[in-house]
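The letters A, B and C name the chains in turn, as written, and every chain counts its residues from 1.
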Amino acid sequence: MSATGFGAALPRRRIEILPAMTPVIVALVAAPFVGSASTFVTLTAAGLAMGMMIFTMASGLTLVFGMMDVLNFGHGAFIALGAYVATLVFLPLAGWSASDSVALNLAVFLLAIVAAALVCGALGWVFERLIVKPVYGQHLRQILATIGGSIIAEQLMYAFWGPDQIPLSVPKTLEGSFVFGEAAIEKYRVLATLVGLVVFAGEMLILNRTKIGLLIRAGVENREMVEALGYRIDRLFIGVFMAGSALAGLGGAMMALYRGQVHATIGGEFLVLCFIVIIIGGLGSVGGSFVASILVALIANYAGFLAPKLALVSNILAMVVVLLWRPRGLYPVSGR
Amino acid sequence: MTLLSGDPPRGRALQVLVALIVLALMLAPFLFPGAKALNTAAKTCVMILLVASYDVLLGYTGIVSFAHVMFFGVGAYGVGLALYGLSASWGALALGLVCAFILSLALALAIGLFSLRVQSIFFAMVTLAVAYAFNVLASQLSDLTGGEDGRSFKIPEILQPGFKWLDHPILGVQANGKLLAYYLVFVVAAAAFLVLLRVVNSPFGRVLQAIRENPFRAEALGYRIVFHRTLATCISALGATLAGALSALWLRYVGPDTALSFSIQVDVLVMVVVGGMGSLYGAIVGAALFVVAESYLQDLMGALANVAADARLPMLPGLFDPHRWLLWLGLAFVLAVYFAPLGIVGALKPAEGKGRPAG
Amino acid sequence: MSASLTLDGVHTHIGRYHILQGVDFDVPGGRTTMLLGRNGAGKTTTLRTIMGLWRASKGRIALGDKALQGLAASDVARLGVGYAPETMAIFSDLTVRENLVLGARDGPLDDKRLDWIFGFFPALKRFWLSRAGSLSGGQKQMLSIARAIVEPRELLLIDEPTKGLAPAIVGSLIECLREIKATGVTILLVEQNFRVAVEVGDEVRVMDNGRVVHRGAMNLLAADESLQNRLLGLSLDSHQ
């Protein structure tokens, strides 16, 4: 009855390495053009930090799409909302932010991003129930409904916080850079990278070591079969949607601190970027969007230095190149 | 009847509404004096064409694309840059228009063929990315396009406001270039609309709808899906390009925010949904409603905001701020998506059994 | 002994198509009932309707005394129904172990039950930690069935398990179906392969055009070649 050989068990599943190597390849290719080692280090560090923030925003979106084929244009609104919530935390705790104590600085930072995550997670539930659920399964109406929802959300943010940019500064001890010889790496970027890695590790742990994660991965492949096995996948989906919105808010808060100001347009801008990232990464694949985020951020940073005019469209170009190589993304999920 | 390609608006109410709107646009300079009113009317004509061409793609063929505004931008920049860089002549205008058409066709072909390789949601996201890239490019290539500030330019002499072709006013309206410009916009937009009407009522148009309903079946019946979808994309793109050209001509200005911004794409989506997908008359109704609301609703809201502020009500002055008009439109849009998916045209449709389904 | 399944006047519409046009039959508890018929007769639609993946527009479906019609698929599954679909629907990016863990919704995997399954599906033990997508067609089919029986069930719905499999593997699948039968579970099995039907089936129901056109014992149908020709269009031999 056996179709293959006897003896030793076959090796555990291997993950294809080449797609994950693409950011490394890009870095190696860019290095000689950049020339100076210190500039290269700075650019790469900036790219990693930005990549982590983008990953935080995008990973929820890819799971939401992978599980239920929901293309959520409202995702951008949560990115922006997270940034605004961060200002709500920083305002009363301005003293902590201005103080010399690293502990207080870190505390206000953590409070801000956690608050952003919680608020966006909760409102994610509202958004899913009110806007997404009524049009499950109807792609066009769902696109339209989530666009409409995002317009309303953005306008409400303007109504609440005013149409102007709100400044938001990084806490005092987190300003400035670590200096290694001639290379300078901004301290905040290191922090952002750490947060991003923690988020990634957390997601990977949940997805690969828990039953819920198992259900999510199975649901991305074939949600009908998961239902037929006795699981209420729509409840699971709400949870994933809320988590995705929470992460979007977290990423938005971090990005706003990075840029020094908050404005609702950050939502639309990063929504497009998230779409590009999840397409490059493979719809439904968290690992894929991790690699894609770093790839896109590195390319943007190197291009910004080497060919500034191209920098803003560099991610589109990257997407086209990747799709020509792998039409379904770097790590496509089977069965999609 | 052949003017409307055998496809008049269905139902008394819709016929009256469409007739009123068309009449109002035709006689706008005489019915509504003032620059703002004429501007609104011109913008309505342009938007009707833009939305109708989008509906050919979305409502009739069933393709979701966010790159429509890109073609609008190509038309606007084509004409605008030609008139800016060459001369304020009909020749330059024609050259700009032809170049814009060619570029749009090329882009439409590329997009149409790309849609082969990927499924529809993927495709929609990619069109979004491409449109975004185009927008960025226009800002970046500032030597050519004038960057964020755009380009102002002169238009052919007889269309300029200063040009008087009659010494005395007609029915109280100055007989100047602006009047001619308006009627140029109106006539071209109307003609293009009628052409689109012809297209969707032709055998080609019916095949598009068959493909939208059930692609597998259509393919099994022998229709070449790729050919039809690509051609529909091209037709839609050309319509948008023409609309962009008219817009640039009217405004005598082209810039990223008037010609390429994603908010225009969103506006088009709102118009096509509120008006009614799958019916070109929906474009007329939706565009008219939207543009008029955009121009005049804000005044109303401003008044309401003042009242609320005087009454010291919380939150309301912010919500009624004229700049927040999009909030209310967004709300109307979402409600339309849920409760009136067929838009105003669908709501005004006569009861089943009377006549064929709307063309 | 497991409960019996009854369908009463079941209609199912898919879009504009009226696929099931009044399906009536019963599946005796603890026995194996074959559901036969030509392509397009509505067999898969019947299984999917029982499973709740498609909603019956009319009629009653009952497992024992519990009504199944109108229930969501996850609720049907929780009443003790195991399903191995025609497409196998294994999760390719998950390991064999993870696939089976998903099947065990009431608790952790039972080692004794697993050993029993490994007895007739040894390949699953060998590939325990491998990606399910790397299995051969026959092995995937084994995994699909194993997942459906990884816990005791009241009813098993199995859709064309031998489709596309080599004759040698078909033989071992028949063995395994016999072992599963021996546990006394009610089975409704859709098959195109008449030999399998004869070897495994106690009862047979034949469908055509969305209705049941024959009900009876399997051995009676197996003995009556002219009836086979009439119902299935082909004789026993040529159905291999």
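As a working rule, contacts are C-beta pairs under 8 Å (C-beta built on N, C-alpha and C of every residue); 3 or more make two chains touch, one makes a residue touch a chain.
Note that the structure is predicted; figures quoted are calculated from it, not measured.
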Touch-based graph of the chains, sorted into line, ring, star, complete or other: line
Chain whose mean Cα position lies farthest from subunit A: C
Centre-to-centre distance between subunit C and subunit B (centres being mean Cα positions), rounded to whole Å: 55
Chain centre separation (subunit A, subunit B; CA means) in Å: 34
Between subunit A and subunit C, centroid-to-centroid distance (C-alpha), Å: 42
Shared-contact residues (touching 2 or more other chains) in subunit C: none
Residue ranges of subunit A touching subunit B (in the complex, touch as defined): 65, 69, 71, 131, 134-135, 139-141, 143-145, 147-149, 151-152, 155-156, 158-160, 163, 268, 272, 275-276, 279, 283, 309, 312-313, 315-316, 319, 323, 327
Touching residues (chain side subunit A, partner subunit C) in the complex: 1-4, 9-13, 211, 214-215, 217-218, 221-222, 224-233, 333-335
Touch list for subunit B against partner subunit A, complex: 58, 62, 64, 117-118, 120-122, 124-126, 128-130, 132-133, 136-137, 140-141, 262, 266, 269-270, 273, 315, 318-319, 321, 323-324, 326-327, 329-331, 333-334, 337-338, 341
Subunit C - residues contacting subunit A, complex: 51, 53, 72-74, 77-78, 83, 85, 89, 91-95, 98, 101-103, 105, 122-123, 126-131, 133-134, 136, 138-139, 147, 168-169, 172
